[in-house]
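The following blocks contain the structures, represented as C-alpha cells.
In the two complexes that follow, chain A is the common piece, with chain B as its partner first and chain C second.
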Partner chain A sequence: MTPTFTPLQNDAVLLPERLVDLLGLGEFGVAGEVVAAFLGAFLVANLMMAMTGVAGPWAKRKITAAFTDRIAVNRVGPFGLLIIVADAVRLLSKELIIPDGVDRPAWDLAPILIASTALLGFAVIPMGSGIHLADPEVGLVFVFAVASMTSVGLVMAGYASNNKYSFLGGMRAVAQNLAYEIPLIVVAVSVVIFAGTLQMSEIVAAQAEPLLVIAGVTIPAWYAFVNPFAFVLFVAANMMEIGRNPFDTPEAPTEIVAGYQTEYSSVYFVLVFLGEFLHIFLGGAIIATLFLGGPAGPVLPGIVWFLIKIWAVFLFTQWLRSALPRFRIDQLIEVGWKGLLVLSFANLILTAIIVGVIA
Partner chain B sequence: MSADEELVETTVGSDLDADGIAALLGEAVLDREEHLNAPGFVIRPDAVQEVLTKLRDEAGFDHLSCVTAQQYTDRYESIYHLTSYDDRQREVSVVVPTDPERPVSQSAEPVFRTADWHEREAYDLVGIEYEGHPDLRRILLPQTWQGHPLSLEYHQDKPQIVTLDAHKNPLEADHRGNSETMFLNIGPHHPATHGVLHLKAVLDGEQVADVEPDIGYLHRCEEQMCQAGTYRHQIMPYPDRWDYISAGLLNEWAYARAAEDLADLEVPEYAQVIRTMSAELCRIASHLLAMGTFALDVNGDFTAAFMYAITDRERVQDILEDLTGQRMMFNYFRLGGVAWDLPEPREEFFGKIRDFLDHLPGAAEEYHNLITRNEVFQLRCVDTGYLSPEVAKSYGCTGAVARASGIDYDLRRDDPYGYYDELDWEVITEDGCDNYARLLVRMREVEQSARIIEQCVDLLEDWPEDDREIQSNVPRTLKPDEDAEIYRAVEGAKGELGIYIRSDGTDKPARFKIRSPCFSNLQALPAIAEGEYIPDLIAALGSLDIVLGEVDR
Partner chain C sequence: MLGVVALLIPLGMIVVSSLLRPSVPEPNKRATYESGEVPTGTTKIRFNIQYYMVALLFVVFDVETVLIFPWAVMYRGALEEGVPLSQALGPMLLFIGILVIGLVWAWRQGAVSWVESPRAERKGREVR
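Let's look at the complex of A and B:
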C-alpha cells in the first residue's frame, strides 16, 4: 500500500504502517504517514514514560523496601499506587529554583537532553506485538549513539550548574563514560558477529532459532545462552552506562551530594530523574534485544515479554543498589580500562574465531 | 629471660613515683598539688614543652588525655591531664598557672598534637593564650564572639551583636582564581557529615590536598550548664545529650564515676552489675549505628545493611526502654547507683535480652556477609584512611579508633570500674590502622559486649532477692570538700570519655570539664584523609564515628 515507506523491510511490519492501515490514513499520502509516525512515537514514548512513572515513585520504593525489611508507600490508594499521582503533582508544583550564575541555556537544555536522548533510543527497539517504530539497518549503532549522548547532557548539567559538587559529578560522568562505552560496544560487536547484522529486527530473528532441546523443551538461541560470557560483560558495562550501583559515582550521594543534579529542582528535577529511569529501561531494552531474544517468549504476547524483561533488568539494578558498595572513581576507571576492556576484546576475538571456524 | 628484658623495655620510667617525677622535672616545678586521681605538679608557664617532653619521653606519659582551663580569682590555670597508653592507672596532672592580667603560657602543641584543639578551646571559653600555638583561634564559638564565657569577668548580658560584615563569610575562601586546586565546603549541610560539621577541603582533582574540620555548630554550653546544676540531681540528665546516639548510659557513667569518686560514694554491687549490663547494651546500639552509617557512606543511600543495623538497634532500644523508660535520654544512673530496679516481671525482661543475644551471632554473620566480606567494600576500605599508632597517640585518639591502630587501650580493663574486672571478656584490637580495621573493631566489640551482657544477666538472675540494693545512702545535698579536684574517665562508645570536676565546697561544681573522645578523634581527620580521594575522606569520617553533640558539647 505504501511501497516507499519501508524500503529496508522484508516482512516485518512497523508500528506507523499498522497505524496507517488501521486509521485509513493511506489516502493522505505522505502527510498520513507523518501523522501515523507521530502517533506511533507518541504511543511508544508514553508507554515508556508510564513505565518510568510506575518505577520512580512507586516500584523503586517498594522494591527497596522489600530488600530492607520495610513496607514503604501504602497510604494512598491500593498498595500505595496513587502515590504516583501524588508525587507527580507534588514534584511539578514545586518552585523551580534557578541558582545565581548558572550557565543558561545549557543549564535548561541539559535535563531535556538527558530525558529526550534516552527516549529516542526506544525508536529502534522491537517491543513485540508489532510495536516497533523504525528498523533501520544501523539500528544497533543508532541506539548506542543516542544513549551515549546522555553523557553530553550530564556534563552540561554538571558544568552549567555553577556548583562544585555538580562539577565533580559532571567530570566523573565523563571519565566513567570513556571507561565504559568502548567495552560496551565491543561486547555488542560480538553479538553482531553472531547475527551478521546491525538491524534490530534481524538480531531478534536470529535468536529465534532453537539452540538445543532438553526433555522436550526447546531452548532458543538467545545470545545470553549462546555466549553467557558476553552477556555478563554486557550487563556489567550496562550498569556503568546507566550509572547505577556499584557504579553510581557521578551522583554518589554521601560523597558529592547528588553530583550533576544537585542544583535541579521541580520540573527539571523530574526531567533528570525521568531521563535516568528511561535510561535504565533503555539499557534493559538493549539487553533484552541483544541477549534475551527481544520480545520472544511462550504463551504471553510479545510486548508483555518485552516489559517483563526490561523490568527484570530494572529489578536487578535495584537489587544491586541495596546490596553492593560503590566503587571509588579511580577504581571504577581501572575496572573499565584494565578489566572490562581487555575482557571484552578477548570475548570479541574468541567469538570471531569460533564463528569463523563454524561458518 | 628475654621476656623479662621486654618487660623492662616497655616500662621505662613507669616505676617513677611522684617524688621521682618531681626530681625528673627539677626546677620547672613550682609547687606540688594532690588531685584525687593523680599527683599534680605546678610548673612554670614557660616550661610547658620541656616538662611534657620529659614526661612523655622519660616517664612514659604518652597520652595527653585532656586539657582543662579555668580561672581562679587570682590566676588562670591550665591543667594537662597526662596518662599512659600502656598503664592507664598512672596519671599525672601538670598544672600551669598564669598571671591574671596577662594569661599567657607556653603551648603544648609541639609535644602533643592533640593540644592544638584543646588549647584553642581553652582560649575560646576561658581566655588563656598559648604562646607558640600554630593557630590560636576560637574553635566552638563564632570568631566574632565578645568575651570568654567561662572566665570570671564574662559579661553575660553584653549584646553579641556584630554586623554581618564582621562575620567571616564561609564562602570567602571560595577562590576561583587560576589556582591548581579547588576549595570545597563539605557541610555544614552535607549527607555524610553525620551532623552539622563543616569540612574545609582543598581538592587537587579528586584528591584531598588539605582538610580542616570546622566545629562548634552544635555547641550548647554543656560544661557551663553542668556548672550551674547540683551534683545530686541536676547534672545527670545532661550527659545523655552529649553522645546522644544511644550511648546515653555510657555518658552518665562518666559523670557518675567522677562525682562518686569526688564525693567518696559507694555503689552497691547489684547496681554495678545493672550499670555494666545496661552500658554494654548502649555500646551495642551505638556500634550498630556506627556500622550502619558507615555502610551508608561507602555503599550509598539505599543499602540494606543500614536498615538491618537500625532494626537490630531497635531491639536494643526496646530493652533499654523497658529498663529506663526512655529510648534516648535515659537519665537512669544516680550517684551511688541507679534510679530503679529491673522491670517486673524480671523473667520477661531477661528473656527479651537473651532473645536478642541469641539473635546476635546470626545477625553478625549477615553483616559480615553483606559488608566486610564484600570484595568491593574491601577494595574501598582496606588500606584507605591510614592512621599510624604514633599519630593516633599524638592526637589522643581512643576507643575503637585507637584499637584499630593496634593500640591496646580500653579503660574497662586498664582502669577498671563497674563490674568489668569480674567478668570474662576481651579487648579487641586490629592492626590494620585503616577504615576497614576501625569497622571491624566495632563489629567484634559488639560480640564482646554481648558476652558481658550475658554474664551480667546470669548474675542478675541468681541475685538473692533480699540483697538487691540499687542505690547506696547518698546525702540529699552533696558538698564535696573544697578545692578537691578529680579527673576520671570511662570507656564511652567512642572512646575515653573523661570528666574533670573541681569542687568549691558548694553543692555545684566550680569547674566541670568534659573530655570528649570524638573531639580528639575528629582532630586526627586531616592526618588520616590528606592525600586520599574524596570518597575515602567521607569513609574516614564515617569510620571515626563522631557525634557532633559530643564534639561540640
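Let's look at the complex of A and C:
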C-alpha cells in the first residue's frame, strides 16, 4: 500500500552548464566546470548586489520621500542616482570604531554571516532566462534553512556588541524569528501540497498551467490566485522574517536606537545593511517563486519579470514602512503564536482537504 | 560556488575598506553607546524568561514541520495513485490535532503571552 511517487526529473539547463557551453570551457573538464560555476555565482551575486545598491541608498529614500511629500536625494547625478556611488565610498572610507568590551571573533563574524547567508539563498532561485545556479530536489528547504541562518548572525551581533540596545535587539530578533518561522514554513508546505515537490524549478513549472480564461485572457495557475489565503499569510510571515515594518521590532529606531546594529560602523555597518536589503529581495524572490509563478510573464523575458516581481515586493515593504505603526514586542509574539500559527495550520488542513477532494 | 562568492564579497569589502579608512584611536570614542551618557552597569544582565519559553515551544513545532514536509511532497501523488483520502490525510490530521492540543495547552498556561516582571506589574497597578 505504499505509493511510489517519483517527482518529474528536471532537465532544464542551469546557468553554470550554459556558461560551459558558451565559453567553450568543456574541454578543461572539472576545472572548466569550477570556473563556470564561479562565474555564474559571481554574476548572480553581483546582480543582487546591484539591486541592493539601487534599493538601499536611493530607492528607499525616494520612496519614503514620495510618501511623506518630500524630494529626497536629487543633487548628485540624474535623479540623484550617483548618491549610490557616493554613499558606498563614504561608508567604506569611514573609520571602523571597535567599542569597548566587544566579543571579538563573534562581533567580526556577525556582519559577514548576515550578508553572506542572505546572498547564499539566491543559489536555488530560478530567475528566468536560464539564470538558475543550482536546482537540488530540496531547494525550498535549502532556501528556508539559509534564510534562517541570518538570525544566528543577528544574535551574534546583538550579544557580542556589549551594548544594552544591541542586546535587546538581538533578543527581540530571536523571539521574532521563532514566532514567524513556523507559520512561514507551514504556509510553504501548503504550496508543496499543490506542487508535490520541493524542487524550485518544478514549483515554477507547476504554476505555468492555465487556471481559467476570462475574456480571452488566460490566467495562469499561480499559487497566489489558486490559494490567495496562503499568499496573504505568507506575505505577512515574510514581513516578520525580513524584519520590516510593521514587524521591525528588533531594530525599532525609536525604541532601542538601531537594535543589534547599534555598535557597527564603517564596512561592518555596510555589511549588516546589505544583508538586510538582500534579505528583503530574497524574501521577494521566495514569494515570487512560490506564489507569483517565478519568472513567468508575457512579452518580456523571464529575468525582467523576475526583477519586476521582487521589486514589487520591495515597494510593498516600503509602502508598509511608511503606512503602518510598529508592533510592540509582546504584541508581535501574540500575533505570531496566536494568530499566524493558528491560521497557517488552518490553511494547511484546508488545502489538504481541498486537494484531497479534487484530486 | 555561490557560497564562496558570498564569502568573498564581504571579505573583499572589508579589505577595500581597511585600505581606505582612517584610524584615529581615541579612548572616548570606543565607549559603549548609551544615548550619549556614560555607560552604567554591564550588559551581561538577567533578561526576560519569556525568550526561553517561546524558544522551548519553537523546538517542538520546528521538529514537527520537518515531519510534515515529506508528507506534503507525497500527498498529491499518493492520492492520484488511488490511495483513499482517509489513509492519506487521516494520520496527518491526527498528528496536527495532537500538536494543536499541545498549543492550546501552552496557550492556556500562558506560555505564548508576554510575562511581565513583578516589578513591571507593580508599576502597572500603580498607574491603573
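Just so it is clear, the second predicted complex is superposed on the first by the 350 of 359 C-alpha atoms of A that agree within 3 Å, B and C clash if a C-alpha of one lies under 4 Å from a C-alpha of the other, contacts with A are read in each partner's own complex, and residues count from 1 in each chain.
By definition in this document, a contact is a pair of C-beta atoms (placed from the backbone, for glycine too) under 8 Å apart; a residue touches a chain by one contact, two chains touch by 3 or more.
All values reported here derive from a predicted model rather than from experimental measurement.
Contacts of A:T68 after superposition on the shared chain: chain B is touched, whereas chain C is not. After overlaying the two complexes on the shared chain, residue contacts for A:R326 are found with chain B alone; chain C is out of touch. When the two complexes are overlaid on their common chain A, residue A:V257 makes contact with chain B and with chain C alike. Once the two complexes are laid over each other on the shared chain, residue contacts for A:K164 go to chain B and to chain C alike.
If you count the residues of chain A touched by chain B and by chain C, you find the higher number for C.
In the superposed pair of complexes, A:I353 makes contact with chain C only, with no contact to chain B.
Legend: residue contacts after superposition of the two complexes on their common chain; A:V30 is shown touching neither chain B nor chain C.
Put simply, chain A uses residues 164-165, 257, 329-330 to touch chain B in one complex and chain C in the other. Listing the residues of chain B that touch chain A in their complex gives 182, 184, 190-192, 206, 295-304, 306-308, 311, 370, 374, 376-377, 379-380, 533-536, 538.
Within the complex, the chain C residues that touch chain A are 1-7, 9-11, 13-14, 16-18, 20-24, 29-35, 43, 45, 47-48, 50-51, 54-55, 57-58, 61-62, 65, 68-69, 72-81, 83, 85, 87-89, 92-93, 96, 99-100, 103, 107, 112-114.
Put simply, chain A touches chain B in their complex at residues 64, 67-70, 164-165, 168, 245-246, 248, 252-257, 321-331. The touching residues of chain A, counted against chain C in their complex, run 1, 3-5, 7, 16, 34, 37-38, 40-42, 44-45, 49, 89, 92-101, 111-112, 115-117, 119-120, 122-123, 133-134, 141, 162-167, 171, 174-175, 178-179, 181-182, 185-186, 189-190, 192-194, 196-198, 257, 262-263, 266-267, 270-271, 274, 329-330, 333-334, 337-338, 341-342, 345, 348-349, 352-353, 355-357, 359.
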